[in-house]
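Look at the two complexes coming up: subunit A is in both, with subunit B in one and subunit C in the other.
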Partner chain A sequence: MSQSYNRGLIEDFGRWKEFTAGMWAWILHKFTGWVLIGYLFTHIAVLSTATTGATAYTDTIQGLESLLVVRVMEVGLLAVAVFHILNGVRLLFVDLGLGLEQQDKSFYASLVVTGVIVLASVPTFLEGAF
Partner chain B sequence: MSTQVPEEQEQTEPDEQAAETAVQQRETPGDRRRAERDAERQERQAAAGAPAEPDEDAVLLKVFRYDPEVEGKMEPRFDDFYVPRKKGMTVLDALIYARDHFDTTLTFRHSCRQAVCGSDALFINGRQRLGCQTQISDLDDPVRVEPLPHQDVVKDLVVDMEHFYDQMHAVEPFFQPEEESGGDLEEYRQTRENREKIKMSTRCIWCGACMSSCNIAAGDNQYLGPAAINKAYRFAMDKREGENMKEHRLNVMDQEHGVWRCQTQFSCTNVCPKDIPLTEHIQELKREAVKQNLKFW
Partner chain C sequence: MAERYSSFQSGSLSWFLQRITAAFLVVVLAFHFFLLHFVNHASEVTFAGTTARMEQWGYMLTMVLFLLTATFHGVNGVYAALLNQGLTGGKKTAVKGLLAIAGLALAGQGTYLALVMAGVM
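So, the complex of A and B:
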């Protein structure tokens, strides 16, 4: 088939408006997964360099928590983690073959629950940040 | 029109002035070809543009056009066709009307027109659908018709299905019983329950819509794809084939590029024109494959 036309990537992410619930769930699950891996390594790197003593540890944590960016990003981390957990449970049910008909609704539910939990956590995370 | 005049002149001239025509001919071939091509293009534009003044109740079809063999059509483009709206008109009906009345070079596959042959799976308004099964009235105007994504376009709406068929054949899509049918029966009897279990999976018409919608299959050419796995499910779950055959079929499925490539995006299940629960079948085969490998007794 030398005389055929390959339309390339235009038909993938260029068509994001046409994606269905299952597709969005997959994309968000991948994205949050990578974010969590990135966080995990940062977490290990930062804390392992702060284990020289009690004061060093406290200074590191207090230094980080005094930064507004860190406070805001903590909320983002919570959102990412909560969605990944909830969608992971959804995928568990999908793997067990339960509720496959409702897979889109369970995706929307996990989004809504994520939103609620994140909003509820804002007062705790951002207390005195501004 | 303009091309016919010089041709007639050339036919009459050689008898009278051979030398002069030789000079003329040396000049004309390129010009003539160019003129012919322009005229052809104009005709084509006229044909495509003829219905440009739409009737009161016409549906606008935007159809993907591409022809690697004709100069001027090698660059993919969209053609507009205004097709008179009729009650109960499907996308395939509209395409047939456009081909018969406006542009005979419009190419697409179709055969039975009743969602059984599986030849007219198209990408209609951003979704894989069967042209013969999709009512125009269910779609937003304009109706955008494209060939199936993730498959190479051969011409216009025709895609190369070879890879899809290869994957289908790779799962041995035929009944392989281990023993002769019992007693003096010629048929292989199946229980009603077992028939019910595989009922949905037998409905596949090999249209390729699922394979085209699958994001994973697009990035992994070795992946068997939803249709082929569904085919394997249909026979693996068929009790008449016997345990050894089921084990063999599960071994084919239990591969990196078999069932485990599926990442449950539900794209195939969403687009299947025969409403086969493809993801459900793939997931069940995954569980069967795990069960087969995990034997602690």
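So, the complex of A and C:
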């Protein structure tokens, strides 16, 4: 498993105004990671209604999908997943030493592309919710 | 030189496995979202439709591998983040054990669920 190492005061969240793009990317990657693993546990729990029967499964999913709040949260989940994917690809390149000097620009690009994909997906995610 | 931030120590086994699973998850997570929100709409998901997909062995195995890699990537990521916040000693051992149990339980339940959905169990 991983080892911790000291990077000094940069992790003091009280100094957030001094954070660089790379620091924000790291914080957002952590935050979206926590949301995704939390969702994975919830997702398997909800889908597990399939083990009690076909009707329970279909009714649970369609019942949840009929709620506007669930649809809106799914858009939030999409935003979290898309950012984590794009920033994850960025991290893979950074770890390979590719584009290290442009890592701040690639973080901004991850944010912009996430915004575009999420906005373009809103109609599909909210279809039939009203 | 630009600053590099990571919760992992570069070159460690957990760092390597986190990257290998990430490369797989990038593709499969995007596929999963696309298939169940754009090709099929989540609001129209039924047990019959799920079973029809899961009865295809290639799809079912991909989903099980998706579950296992996502569970490892998530739990390993949480552990690395907690270590990074300064977790040490007995608390570190307890958290490691708890995360391992939670991860194994999730993987076990998810695999059982996949077999039910595929009509095997």
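We take it that the second predicted complex is superposed on the first by the 118 of 130 C-alpha atoms of A that agree within 3 Å, B and C clash if a C-alpha of one lies under 4 Å from a C-alpha of the other, contacts with A are read in each partner's own complex, and residues count from 1 in each chain.
We take it that a contact is a pair of C-beta atoms (placed from the backbone, for glycine too) under 8 Å apart; a residue touches a chain by one contact, two chains touch by 3 or more.
Remember, predicted model here, so these are calculated numbers, not experimental data.
Visitor: Counting only touches as set out at the top, which of subunit B and subunit C does A:Trp26 meet: first, second, both, neither?
Guide: both
Visitor: Please indicate which partner A:Thr51 is in contact with in the superposed arrangement: first for subunit B, second for subunit C, both, or neither.
Guide: Only subunit C is touched by A:Thr51; subunit B is not.
Visitor: After lining up the shared chain so the two structures overlap, which partner does A:Ala81 touch, if you call subunit B first and subunit C second: first, second, both or neither?
Guide: second
Visitor: Name the chain, either subunit B or subunit C, that contacts more residues of subunit A.
Guide: When the residues of subunit A touched by each partner are counted, C comes out ahead.
Visitor: Once chain A of both complexes is superposed, is A:Glu18 in touch with subunit B (first), subunit C (second), both, or neither?
Guide: first
Visitor: By the touch definition at the top of the document, which applies to A:Leu100: first (subunit B), second (subunit C), both, or neither?
Guide: Touch status of A:Leu100: both partners.
Visitor: Which residues would you name on subunit A as touching subunit B in one complex and subunit C in the other?
Guide: 1, 3-5, 7, 11, 20, 22-23, 25-26, 91, 94-95, 100, 103-104
Visitor: What residues of subunit A sit close enough to touch subunit B in their complex?
Guide: 1, 3-7, 11-12, 15, 17-18, 20-23, 25-26, 91, 94-97, 100, 103-104
Visitor: Can you list the residues on subunit B that touch subunit A in the complex?
Guide: Those in contact with subunit A are residues 66, 68-69, 76, 126-127, 149-150, 152-154, 160, 162, 215, 218, 263-267, 269-270, 277, 279-280, 283-284, 286-287.
Visitor: Using the touch rule from the top, collect the residues of subunit A that touch subunit C in their complex.
Guide: Touch list, subunit A to subunit C: 1-5, 7, 11, 20, 22-23, 25-26, 30, 33-34, 36-37, 40-41, 44, 47-48, 50-51, 54-55, 57-58, 61-62, 65-66, 74, 78, 81, 85, 88-89, 91-92, 94-95, 100-101, 103-104, 121, 124-125, 127-129.
Visitor: Please name which positions on subunit C make contact with subunit A in the complex.
Guide: Residues of subunit C touching subunit A: 1-10, 12, 14-15, 19, 22-23, 25-26, 29-30, 33, 37-38, 41-48, 50, 67, 70-71, 74-81, 83-88, 96, 102, 106, 109-110, 112-113, 116-117.
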